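There are two complexes below, and they share subunit A, which is joined by subunit B in the first and by subunit C in the second.
Our next item is the complex of A and B:
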């Protein structure tokens, strides 16, 4: 055996040092994220997780059970509708309000007031948002009263209690709660677009819509894509708003993957199937996250 | 001289420290997890525990308190991981699964070893002959009636039968003025309305949703109840928003004079008075099917108590359970909670001081407590499944017969 020379030690030290500095973060990430994730994945392959002693290997039994459950597919469809509609509306409303707040045609005083008003929904927690919309959309609530007075509806609509309207109603509440993120991000983006692009367009005789579609939106596209992907991931996992407004009902009209998983875990105490459902959500989220990372790298 | 004095002092201090340490080691600390403390006047449960500690200086009680749902989830997880508190507050809907996991102790041996007088306990919840829970306090669910509302609507006698209830509800309903006869909160967030607002009609007439320990939802009692609820819905006497309405919203509607009648827990009497001191209301027994004259079952929910199977201090835990069930302590607790006692000899003070409670106590004594969900497997999920099927019926997707059959098929899988 030969002793390591100082040069070899130095080289080893250089190699190890970054991992040493990273070790606190790696430890925290491992304990708080990877370990629970690994445990949930393990549970999804066990015969009976956590609550019963039978932890024998069950293969894909729980996955087959949830994929064979029509409520799971309904939940998946509702999740996609809720998420896509929310993200598209967040983007549209956020862009519209950002353009409004960036416009010179509105006085600075009014712009300041609108900025505060428009950002308000972002300040509320999901529980408060659920309470607000439960009150507003109550059959005897303000929304019905206004719509009846305006002659838009003839009788009281049970927004959260009717199979036809419940999913649209919770989606609407979520749209209201989430557009400020887009608005703030796009407003920051708008303020960074060079003015000379618009001046050149004016010289070329471009109309307002042309400037919007050929300058503004292309310039904002990196922000739009990034925020949309993040919003897609977050919205797909929304639980409190739906739980507190409809509980996944009426019947299964607003059942989404998060409420479906919660009921499996804490109503049926079937934690193995709940784990399988959670892993399915995890896989979808990972797919979207990879897409997001690729997009960020491409930038 | 100085040195020997210092040594004496040091020896004395060591002796005191050792005595203290030995004393502390001899003291047992019990964990008692429950959801009761936040629902009782501030500090009152702690005061009861302080008195227990005075009587048992070798036992200290740590209260682990949280909202009902949090406590339920904590107990479920604690049962699985063997970390459940020594003494636990229980709901009858949980005990089946906890007993199946062997997480709650059989109190029969403890009762026998201490010659516990079983006759003083109002009920003992048993699973496979194991005594797993005592109801400490029971919250009964009579029918609340807004008397001024009824009078304005021309309802002369308060309803005693289902037909009279339907008639009264029709008279009270004026949809244009946002006034309705009854409320049915079927939110899936918490499906306990199936117990309180639906099955209570079955039990009131001395009937049952079970037969030979199995669900019998297609039998006449449940089918008649479903048909009755559908009739109420078709008559438009139920306040709108049924499928997303919660129990709290039902109480709010009653407090605001928007519904004339509701089935509700007696525990809400003070809340109703606080929210609307001018509300003139009374409680009456649940209406029954025509011709029934027997004893009326009264739906109830209870604060139950049990002992963890994995506790290392079973004897001390049993002392605490005995203490909570003792006549004077039980009367003190239920007086604070506005509940009926778990000890048959305990007399809560509100029974004599408050006419509404006095009336409810009369109803309670004339009938019997009924809650067939106690001890059923996955009771909350059974309620949720029944809730979903009822919602389908009220949406017009199925008949009461189809509703009963669909719920029966789902329930039977759990047995």
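Our next item is the complex of A and C:
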């Protein structure tokens, strides 16, 4: 046997070291993420998964079942509406507030106060947000009272209990809860835009809105795209806020993919179909994530 | 093209700091004026006030005969080249140059024609589709020039446009900008802290210190006849050597040597007679101090000195000396103390000189070239 030289040992050590450092996190990810994901994928192709020991291969039966279920499609559209409306509103409100907080026209003192006020929704957990909005939007709550006093509505509206308003109401609550992430990120981005770009634009003859569209937004675009994609992925998976405000009702009016899957699993105990639904959500999320990673690499 | 006139321009910040005090300048149509001075002297502030990027606290500013104090930058008919170039990073070279035309609502065909013309002048045609990130420093600088030129302004304002370039490129771009300005004939105000740029590029140079204009003159006049010790010390590289001495019957008496002033010096500067028996500041440019062994044929007097170090540059030797005399601070905040105080004078010797560090030599002084300043006011004595 030939003795290894110090040079060979050093090279081997350099090769192995990264895997050694990564191994604890890889083990945790493997046990807590990859294994359950693999199990769920397996269940989605099994007959009576989990519930009975003698399971058999079911092929795409459960996928056909959920794709043939009207409630699944309603959930998918509700998810898309909820997500797209939330992301667009988060971005618009976040940008508006960030621009306001970055403006020299507001005194530094007022800016500090507003910064704290605007960031408040971010401090609350989804459960607290659900409780706050259930109280505010209660038929006898503050919102109805103010709107009636202002003459905007004639009678009390059951925001979370009416088929017409429930989806808009939960979307509104989610918008309120989520804009601070955009605001903080865009504010950091705004502060990083060199001042002389605006001065050059001033000399070139740009007006305020022209500076916004030709300088500010293009400069913020990498942040806007990154955060929008992340927000899209996160919002699509929202569960507690909807579960605690409407529970997916009334009559599936606010059913989204996460509540639909939950109900299949834990109300109807149809774990195999729930697994098929979860795998569908996983595939959509993977698609978005790949898009996000590609964007990050392009940057 | 237009004349630019600054009349009693003042700039005071909220904390009552006076950045500019009563600045008066008349820049003729087509003239290339350099604003120069050490860091914090107010030169960039003055330029930004002309551009409209800083408010003018008091005074009048005329561009082409119009008082533009209350006008927005875009209405002043000026174009500016920034120190950082301030190119729009997300736009191509074409879009950067044509941006002001786009904002002005010019049609694409018209924009293309004009941008192509400018790109040709600046040798940017091949780069029109590139983004600023893919350009070299010199190319970015040219794009910034192109963006200024496309507006066909009455005046160009340039804020240290070469400071981000390496030394070699700076020399090349210096010549390019000067030649372009002469070709276009546009009134240009150019801010720099580099006195070599100031001396080589402009028709006239305005020297500022602490928000106050010190002297406006041609580069040669500034060099030959500085109005005060600050201008004398600031203009020229290496700086003028300034020492304290007592003037007694036409002789400058320093602690370690004496210099007899020629009659011509006294007759050309009648005010010097008033300083007889009093302290005075005298200055000698590095090129007016010679290696005494090589100074044959020149009218000179020798003074003893110790060589601290020699920088052999090929075309000349820059020799750091220690003279037995009290040096005088010119008031330039950017000036670096000579070799940590070991030397107090700098001379430029011919390359034939074989002086070496730590040797004692006799330095020849051409007394007819000396400059004289009041020890209190630092004003030139003439």
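Basically, the second predicted complex is superposed on the first by the 278 of 299 C-alpha atoms of A that agree within 3 Å, B and C clash if a C-alpha of one lies under 4 Å from a C-alpha of the other, contacts with A are read in each partner's own complex, and residues count from 1 in each chain.
Please note the rule applied: contacts are C-beta pairs under 8 Å (C-beta built on N, C-alpha and C of every residue); 3 or more make two chains touch, one makes a residue touch a chain.
Every value quoted in this text rests on a predicted model; they were computed, and no experiment measured them.
Of the two partner chains placed around the shared chain by superposition, subunit C is the only one that A:214 touches, whereas subunit B remains out of contact.
Legend: residue contacts after superposition of the two complexes on their common chain; A:194 is shown touching subunit C, with no touch to subunit B. When both complexes are overlaid on chain A, the residue A:244 reaches subunit B alone and has no touch with subunit C. Of the two partner chains placed by the overlay, only subunit C lies in contact with A:202; subunit B stays clear of it. Residue contacts after overlaying the shared chain place A:163 against subunit B, while subunit C stays out of touching range. If you count the residues of subunit A touched by subunit B and by subunit C, you find the higher number for B. When the two complexes are laid over each other on chain A, subunit A has no residue in contact with both subunit B and subunit C.
Those residues of subunit B that touch subunit A in the shared complex are 72-73, 76-77, 79-81, 97, 100-101, 178, 186-190, 239-245, 258, 378, 380-381, 384, 387-388, 391-392, 395, 397. Residues 194, 196-197, 199-206, 210, 214-215, 218-219, 221 of subunit A are the ones that touch subunit C when the two sit in their complex.
Residues 50-52, 134, 138-140, 156, 158, 160-163, 166, 243-252, 263, 266-269 of subunit A are the ones touching subunit B in the complex. Taken together, the subunit C residues at the contact with subunit A in this complex read 51-53, 72-74, 78-80, 82-84, 86-90, 99-100, 103-104, 147, 151.
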